[in-house]
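Read through the structures below before going on.
There are two complexes below, and they share chain A, which is joined by chain B in the first and by chain C in the second.
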Partner chain A sequence: MEIVVFAQQVVNGLANGMGYVLIAVGLTLVFGVLRIVNFAHGEFYMLGAYFTYYVTSLAGIDYLGALVIATVAVAAIGVFANQFFFRPLRKEHEFTILLSSLGLALLMANGAEYLFGADPKYVNTRYADETVDIGPLVVTQQRLLVIAVALVMIAGTYWFIRFTRMGKMMQATAQNPEGAALTGINTGFVHAYTFAFACGLAALSGALVGPTAMLTHTVGDWAVLKGFIVVVMGGLGSITGALFGGVLLGIAESLGGGYISLGFKEAIGYAIIILVLLWRPQGLFSVGSGRR
Partner chain B sequence: MKGAPRIQALAAVAVLAVLPWLTGNAFLQHMMVLWAIYALLALSLNIIVGYLGELSFGHAAFFGIGAYTSALLAMQWGVPVWLGPFLAAVVAGAFGLVIGFVALRIVGPQFAILTLGFGAILHTVTNYWVDLTRGPMGISNIPPFSLGPIALDFTQARNMYYVALAFLVGGIYICHALMTSRRGRAFVAVRENPSLAASIGIDVFRTKLHGFVVATAISGAGGALYGHYLRVITPELMSLQYVAALIIMVIVGGKGTIVGPLIGALVYVSLLELLRAAGPLRLVVFAALLTACVIFLPGGLVSLWRRLRERRQAPEPSGAPA
Partner chain C sequence: MITRRTLALTAAAIALGAAGSALAQDKPPIRIAAIGPLSGAGAFDGQLAIEGMQAMAAVINAKGGVLGRKIELITYDDKGVPEEGVSAAKRALEQDKVDLIVGGWFSAVALAQKEVTRDKIINIMTSSQHPKVTDEGHKYLFRLNATSTMMSDRYAKFICDKMKVKSVSFITINDDYGRLEVDNYKKLLGACNIEVKGNEFYNRNDTDFTTALTKLRSQNADAIYVSAINTSQGATIYRQIRQSGYKGTIIASAGNMNPKLVELSGPALEGVYSVSLFAPDTTNASAKAWMAQYGKMFKNEPSFIGSLGAQSVEVLAGAIEKAGDARNYDKIAAALKGQKWNTLLGEITFDTKGQALQNIYLVQVKDKKIVTAN
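Take a look at the complex of A and B:
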């Protein structure tokens, strides 16, 4: 019996972890290509969850449709955020950019409280209460959906960066912005594109994971902290690292919460980043490049 | 300090000392106390942000440690309240020493994330260690400072103001003395170019650690003042909201100066009250203010004054200030 409980915790952790991965991939892309540590990244997760809520409850559109609408809408907002908050500071010190992202995060979180109210919301999906039995394990369809969509998106992102023209332009910009510009790449466009793409991924994560918990305007803080923990574990700028880091964090939290205590669960992630940053500041999976 | 600056400083202290007598309004006096406490806290964060050039996202944790230390010492062990702020400074500084010793090996955005992690752990522990801290309920009925039979809580704001002001002036003096010393010049050298600083024999790590410990100790003392004044503290003091508030004060006022954090705290405290009717929109305004300052006025509000003076001295339009 004991092994079943353990396996159940691992599967639940895996679902949470895949949600973290979607957040972290965007965070790591934005760092890799734009050199921005984006403190506001979690707020796009929050927006994704809120948009899904409003599209399903007010417009009455099916959950899967709402998922797509929320992702695209938040990506569009990402273009504006980049234009107004990061583009003017492109040449500034990283300190200034970090502060600007903090300002944006506060603006979005408090703006959400103003617009959407402080009362918690619950995103309804028809998958949240339906379960699937896999041998002795019981998994909700929502969790399976998170895992499946996340896997598809990560494989897609990987393929996109590797093989498409835009992806190659992103790689070039990440490696050397001046060199990329010299070869005729519009780096400003690549930056905007990458930022919007990352925001879309965060929104998708919010739309997928949002229904598993209560939704408030402060959820972005939570999301960005998880994102940071994962990205620090995996190494800033590494997508593979984000994948492993996210899964590892999800499972570690699930086991810690199940076997030790729920309060302790929140502290696990912070303890992990402290240990990782001190032991291997470049991350567990980093190949060592990518530092300025 | 010699000559004119010394006279200016004494005049400023005199003005601040007279201030609460200009109004009989207890609420305004209450605001003055809050200003003095926040100004002390902003001043302490400014040592890290402005002088050392690192962004700490965990500073509110030391404020909380100071508040809890002093409150618990007074309530559990009957330590005299007047000793509270000093002991709180020692304890917060000790935490700062350990955390700084670990965290200051990392620089830049990673340092910010690391301090965020330490701050979040301290917040979580305070929230869950119910036996000691009473958890999310917080601690209430903290004994106030007292002068004989008079208790200096918010009903005695005018008297409490002088206590807070004394600590603030002490904090200002520490900052001033630090920055005019050899060590202070080392701070700036390390901020501007760590490698170059190391090449002329400055121990970068120890210099930063020194600044970090002083900053955390001062914020601990500020936390103690806060707790004994408002008489209620909760783990929320360590939350991101307070971290953001302190950063807003330093950046909006002007980092790397002594007057800047004082102005930033003034702006923060007054806007907090003036916009109380605006509800949630109030925090949106703060966020907008922070962002606008970062993008358009990197030197903060103090730099406006400097710009104005430079323009008056140099008739032809000068380039952007360095």
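Take a look at the complex of A and C:
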């Protein structure tokens, strides 16, 4: 019986962790390629969830279709966000850009409260309440969907960056922006593309993870915090780091909360970052060179 | 012939007439501070609360107001936390010099806020359930909601006698209210031999409860009692309980049922019981008038928390009318404690500590509606 409970907690942690992975990948990409610490990343997560809600409830489109529409729409908004909030500050100090992202985050969160209202909403998907029994373990279809999509997206992103032309341009821009520009890469275009890609990923994670709880305009704060914990654990700019960091965080929270104390659950993430920053600030899994 | 006397009399008449109409137009409104959670985790509940107050104020103002004066509500945001509740009450009292204060939606806030208003201004606490709000109150302090002790007495009787459960596990919010709930129920349910198998605390901003629910589920109790003040968290918990595969009974904590919770929780809340001071299928005339006005003004459905806000405005209006003065707090307090009040939630009285003695109804969610159960 005890082993079943343990296994269930591990599965819970894995499901949560994969959600964190999805949030963190976009964040780490934006840092790697654009050198931007984007506090507004969580707000794109929030937008992804809200767009999915409105598309399913107002336009009557089914959940999966709405998810795709939301992802594309928010990626497009990402292009504008980059154009107006980050591109003009390209030559400024990183801290200035960070403040700009903070301002954008506040604008988006409060704008969402104004536009969508303070009442909680629920993204109704038929997967959220249906459970799947794996032996004695129980997990909802929605969480399995999160795990599946996260794995696909990680693999896809990794393959994209390593093997496609655009991916290689992103790598080059990340390693050495001036050098990349000198070889003829349009770094402005790479930046816009990467940012849009990251916002799309954030929106996708919002659309997928959102239905596991109620939706309010403050979910972005939660999302970006989780994203940052994972990114620090995994190493800024590292995709594989995000994968391992996310899963590790999810399982640590679940086991810590289950066996030590539930009050601990939130604290574990913060405790881990402090330890990582003190002991191995480049991240637990990063392979290092060319990154901060 | 127009004598000097006639002229003088006419002038006097015109002057009096002008003064009279000026007075009637110039009567300042009665200013009531409405301090509630307008942002943060309780924002939606705060919105429902203020809407309830505004609807009742509109009903009363349409009938001419109180002592010929209109009721004006001034809202303040306490963000659901004690520090903000205290600073809002200070601002209302000292800077904005309001006539009366309505607040204390969350127990933690009420406990801190009553110290700011201590013996200075009439302060009606609304939905907070912690007994110390009135036990350690003051001469101008009143509280509308039944205390968690009063609710748990009634509810425990029902759980013991009617629901066929032999064991219960609890999932509780980690604050003054939650901790008191667990202590109360452990005693009351223990008294009728229902075993309390365990309790897990969760925090105000948590959105994922799977860890706690996995632990509770493994305890295999006949029922899980959910103590959740916040609509958004409550709905998430109810859904996640069913999503964890738990097949037993769900008992919803007293006084936290509202239509939005029913809407958001979906199938997870069907058949679930609770206790409330407000049943939407009531036949009370004042309640029906209030609900009609509420429907004209707001999109949300009238809720229990809104009805408490409405009741605060209703009894204040009655007491001020009786006392004849919106700032004579001794007279208003005496008026409130001195008679039975016919309100939208039925007949109530206040005891010497300012605690309202309300009618507690058993309710159940049936076909997505909250109805009176028996």
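The criterion applied here is as follows: the second predicted complex is superposed on the first by the 288 of 292 C-alpha atoms of A that agree within 3 Å, B and C clash if a C-alpha of one lies under 4 Å from a C-alpha of the other, contacts with A are read in each partner's own complex, and residues count from 1 in each chain.
Just so it is clear, a contact is a pair of C-beta atoms (placed from the backbone, for glycine too) under 8 Å apart; a residue touches a chain by one contact, two chains touch by 3 or more.
Predicted, not measured: the structure shown is a model, and the values here were computed from it.
In the superposition on chain A, A:266 makes contact with both chain B and chain C.
Contacts of A:103 after superposition: chain B is touched, whereas chain C is not reached.
Contact with chain B, but none with chain C, is seen for A:277 once the two complexes are overlaid on the shared chain. By the document's definition of touching, neither partner reaches A:58: not chain B, not chain C.
In the superposition on chain A, A:3 contacts neither chain B nor chain C.
Of the two partner chains placed by the overlay, only chain B lies in contact with A:88; chain C stays clear of it. Within the superposed three-chain model, A:225 lies in touch with chain B and out of touch with chain C [touch as defined at top].
When both complexes are overlaid on chain A, the residue A:118 reaches chain B and chain C alike. By the document's definition of touching, of the two partners only chain B reaches A:37; chain C does not.
Overlaid on A, the two complexes show chain B and chain C touching the same residues of chain A, namely 118, 263, 266. Those residues of chain A that touch chain C in the shared complex are 1, 4-5, 8-9, 12, 15-16, 118-122, 124, 128-129, 131, 133, 138, 140, 212-214, 216, 218-219, 222, 253-254, 257-258, 262-263, 265-266.
The touching residues of chain B, when paired with chain A in their complex, are 53, 55, 102, 105-106, 108-110, 112-114, 116-118, 120-121, 124-125, 127-128, 240, 244, 247, 251, 279-281, 283-284, 286-288, 290-291, 294-295, 298. By the touch criterion stated above, chain C contacts chain A in their complex at residues 38-40, 43-44, 47, 174, 200-203, 205-208, 210-212, 214-215, 218, 231-233, 235-236, 239-240, 242-245, 260, 263-264, 266-268, 300.
Residues 37, 85, 88-89, 94-96, 98-100, 102-107, 110-111, 113-114, 118, 221, 225, 228-229, 232, 236, 263-264, 266-267, 270-271, 273-274, 277-278, 281 of chain A are the ones that touch chain B when the two sit in their complex.
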